[in-house]
Amino acid sequence: MIGVIWVIQFQGVSKIYSNGVAALHDINIHIEKGEFAFLVGPSGAGKSTFMKLIIRKELPTSGQVLVGHKNLAKMKAGEVSLLRRNIGFIFQDFKLLPHKTVFENVSFALEVIEASKKDINRQVPAVLELVGLKDKANIFPSELSGGEQQRVSLARAIVNRPHLLLADEPTGNLDPETSWGLMDLLLEINKRGTTVIMSTHNKNIVDKLRRRVIALDSGRMIRDEQKGGYGFEN
Amino acid sequence: MIGVIWVIQFQGVSKIYSNGVAALHDINIHIEKGEFAFLVGPSGAGKSTFMKLIIRKELPTSGQVLVGHKNLAKMKAGEVSLLRRNIGFIFQDFKLLPHKTVFENVSFALEVIEASKKDINRQVPAVLELVGLKDKANIFPSELSGGEQQRVSLARAIVNRPHLLLADEPTGNLDPETSWGLMDLLLEINKRGTTVIMSTHNKNIVDKLRRRVIALDSGRMIRDEQKGGYGFEN
Amino acid sequence: MKIKTFWYFTKEASTGLARNGLMSLTAVITITLALIILGSFYIVVTNVNHFTEMAKGVLEIRVYLKEDADAVSLQNRMLSFDGVKEVKFVSKTEAANWLGKTLGIKELHNYLAADNPLPDMINIRLEDNVELKELTARLESLPGIDEVEYGKDFVESMLLVIQVIWVIGVSLVVIVGLVVLYIIVNTIRLTVFARRKEIEIMKLVGATDWFIRWPFMLEGIMLGMGGAILATIIISKGYHLLIAYVKELAPFIPLLSEHMVNGGLFWLVSLVGLAFGAIGSLMSIKKFLKV
Amino acid sequence: MKIKTFWYFTKEASTGLARNGLMSLTAVITITLALIILGSFYIVVTNVNHFTEMAKGVLEIRVYLKEDADAVSLQNRMLSFDGVKEVKFVSKTEAANWLGKTLGIKELHNYLAADNPLPDMINIRLEDNVELKELTARLESLPGIDEVEYGKDFVESMLLVIQVIWVIGVSLVVIVGLVVLYIIVNTIRLTVFARRKEIEIMKLVGATDWFIRWPFMLEGIMLGMGGAILATIIISKGYHLLIAYVKELAPFIPLLSEHMVNGGLFWLVSLVGLAFGAIGSLMSIKKFLKV
């Protein structure tokens, strides 16, 4: 995976879930390595589906999703694991392991790449410090507030310095101040070369940062603007 | 429960969780029937804990929480169920039943009060329409987007016309437009006499609506203002 | 509880089972298997007990009479003794015939026919709960008795063996019963574990304990009943095959007939399945209701 | 796999068990109980087989000799026949003594002592796999043989009974083995069910299938091993008590001694527990790895 150019391409991608819901329709898009893109759109527009296609949690019904010029649908199980290890994902519903402590949840992303104990003991506390959860390292996710869980999810996503960071509504449970702290972090990571795609409903943030904005509505891409705003005003 | 005056009183309430985390410290507050109050504060300030004390999911470590002048700590199991039936709760993590459809999740709040089939078949579709999920009545929560799940949680909370509505971060996964739709709904419900307490990080909403604002920080109440703003500027 | 609510519970229970399909299936299979073990044990033990009952019927005491004894009145008195089930008079001629034939030695047979040295005797079949020493003493005190003979060692051993087999058999059924019951309860407990979050949510929405318990209990009962039905079918089919097999190969082995077994089997298996399905649910749910 | 990773898996497995404490406990108890059933069956069946083996040793054919027969050479020839285990010469005097004593009738005893009508005979003990008809024919064709006698019905029935019991016993152990195995697999499957979300999350974070499988498999092995150890301890203690009970009450019942049973028991129970702990995990996890 190292050395792969992290270009993301959607070519005529549609996704119809098995219950018949059409979540995405004919999406064509190209996201370069090192870009920072906001994904906006009303509830149910298909933002999470878009992201799930990139880590191959879902497969497109038609069309192709390519990461580093590789068609995800044709990847073998081993390649998929390798792909995912290089993607940091902040899930909308956090997806923390309930029987692991905060520390273990974050270190898990390093365990899977068989990192050394030394690396783990250096990197995990550092990243927990960064998200302001150093004190909570040894408690379980069920003992955290919503925003704290979201920050653990962030910590896990960035701890192994991924090439691509997918953040699905990462500020949904955070107060404005903490949200801005998180944005600074994402911008910093982006500056170091990581591609960042972030879905969000946070108008203030999108409007202020003026980055690339991809807008979805009912599964269709209705806007793709460099230095865009949140839009959807009425 | 009918006829009870839905006054909420916190008298010197502190909450220390079993892992030693102090979530609330010496909270004194009085919320009248029919009020509309915002609960604001940074991540981990104790907002969810505050609400969990009101439905008696948690008990205070010291002090008393009174609902309708009744001390919750002294309630019997049956009374607690009765209390909860009269409180609508939008949980921060939704707490939908995974093996029930959207319809069943909402109707469950009516089943527990042994409402008639007729009532159920009238009220549930009506409320699903209200939150814009009429088409999704027969699918399971795992097949919904984050915002859709949040709206199911809302539908369940209001379907049985509760005396008290607790909304924990109810717009966290919603786009601004949908959020405002939800706010209109809450205001409307409040107008009909239901007490509403809503925790939120949404500065825009708080600042625009100018209602009572209770601000928490690290478990302490730092502000209680009629017609307040979000605050926490820096 | 309103009728409507009861129907709601039943519907809840069945959709609960259906929507946790794979888990319900796993649980039903486990319960079925556990009940098959219980049922098989029951069949084995009832057969062994039946067999030993029959073996008891073979036990007997032989009483040799003096030449001048009054066989008829002796038989009547013996019948009145505790532990005597049946008496049968065997004349010396009958005894000689039997002996000659049984031993199969022509010379002996001829000799016995010519000049019979054997005495008359009375054969006594014993009750199960016989007190051998006491009975022997009473028999010996009767007039006209020459000797009381009963292969002491053999009869006494036999009675002991029967008793030991009975105790072991009953203990085994009880132990296996408890084990099976615990397996059922544990299986259901694991299915409830997997759904503990749901119980918490239900409580938070204002459901009373009983409102939650009922559907889970009905689910437990349905799982138990499903297991019981499957187990009964499989065991009785299996026993049917066994009987056919034994009848062809060794027809003299006295297996109990199917209809003598199926009744008890059905009740045992159904009650255990049903009761412990319900109890398993109730027990497991308790812990999670404290929300 | 790095050593470090292997240790990580082991640590993962044990913390996994500990943090799902109640569930692990429930599973271990179920597995223990299932293995206790298997072990008890094994003990019962090995004892019954041992018993029937002994019963076979009792089977014999009696060969009555003519007056002028050469007993010694006959015995040697008989020993060379298939199915003959042992031969024993019984002179007519010995036979008369035995008969008189056994029947316990003084008159007969006196008569036999004075003028013995019985022939000499040779008793033959049989091998297990004897072909009775063939052997009888060969014996009858020998010179100096008067008659071959073997309680045809009894011996043949006996052999059949032994065969039937063996077949039933082995089938039972196999069936109960399969049942127990399935119960173990199902129990572990239920514990995996309860954690299927975790498997999904692990995959999404980039864990390979094997990285997830190993700790779960080790958990399965630990659960199986825990069950096996507990079951072995409980069964051997139980058998110890049973032997003591039987020895006191009915010492002539020939139970196998503990050390003759414990070895096989230990291996059977441990292997089944371990193997199916692991297999159960692997099978159950498969479905949830497809993320």
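Residue numbering begins at 1 within each chain, and the chains themselves are lettered A, B, C and D in the order written.
Definition applied: a residue touches a chain if its C-beta (ideal position, glycine included) is under 8 Å from a C-beta of that chain, and two chains touch if they have at least 3 such contacts.
Small disclaimer: the values here were computed from a predicted structure and weren't measured.
Q: Spelling it out: a chain qualifies if it touches chain A and also touches chain D; which chains qualify?
A: Output, common partners of chain A and chain D: nil, no chain qualifies.
Q: Using C-alpha centres only, name the chain that sits farthest from chain A.
A: With centres defined by C-alpha atoms, farthest from chain A sits C.
Q: Approximately how many whole Å separate the CA-defined centres of chain B and chain C?
A: For chain B versus chain C, the centre distance works out to 61 Å.
Q: What's the distance between the Cα centroids of chain A and chain C, rounded to whole Å?
A: The mean C-alpha positions of chain A and chain C differ by 66 Å.
Q: Just give me the whole-number Å value for how far the CA centre of chain A lies from that of chain B.
A: Each chain reduced to its C-alpha mean, chain A and chain B end up 29 Å apart.
Q: So with touch defined the way it is at the top, what topology do the chains form here? Options are line, ring, star, complete, other.
A: Basically the chains close up into a ring.
Q: Throw together a list of every chain pair that touches.
A: The list of touching pairs comes to A-B, A-D, B-C, C-D.
Q: Which residues of chain C touch chain B once you look at their complex with the stated criterion?
A: Touching chain B: residues 2, 4-5, 8, 15-16, 19-20, 195, 198, 201-209, 211, 291 of chain C.
Q: What part of chain C is in contact with chain D in the complex they form?
A: Residue positions touching the partner: 22-23, 26-27, 29-30, 33-34, 36-37, 40, 44, 64, 99, 103-105, 107-108, 110-111, 117-119, 147, 149, 157, 160-161, 163-164, 168, 172, 175-176, 179, 182-183, 186-187, 189-191, 193-194, 242, 245-246, 249-250, 252-253, 287.
Q: Would you mind writing out the residues of chain A in touch with chain B in their complex?
A: 17, 19, 21, 40-44, 47-48, 92-93, 139, 143, 145-148, 150-151, 168-169, 172-179, 201, 203-204, 230, 232, 234
Q: Would you pull the chain A residues touching chain D in the complex into a rising list?
A: Touching chain D: residues 55, 57, 77-78, 81-87, 89, 91, 95-99, 108-109, 111-114, 116-117, 156 of chain A.
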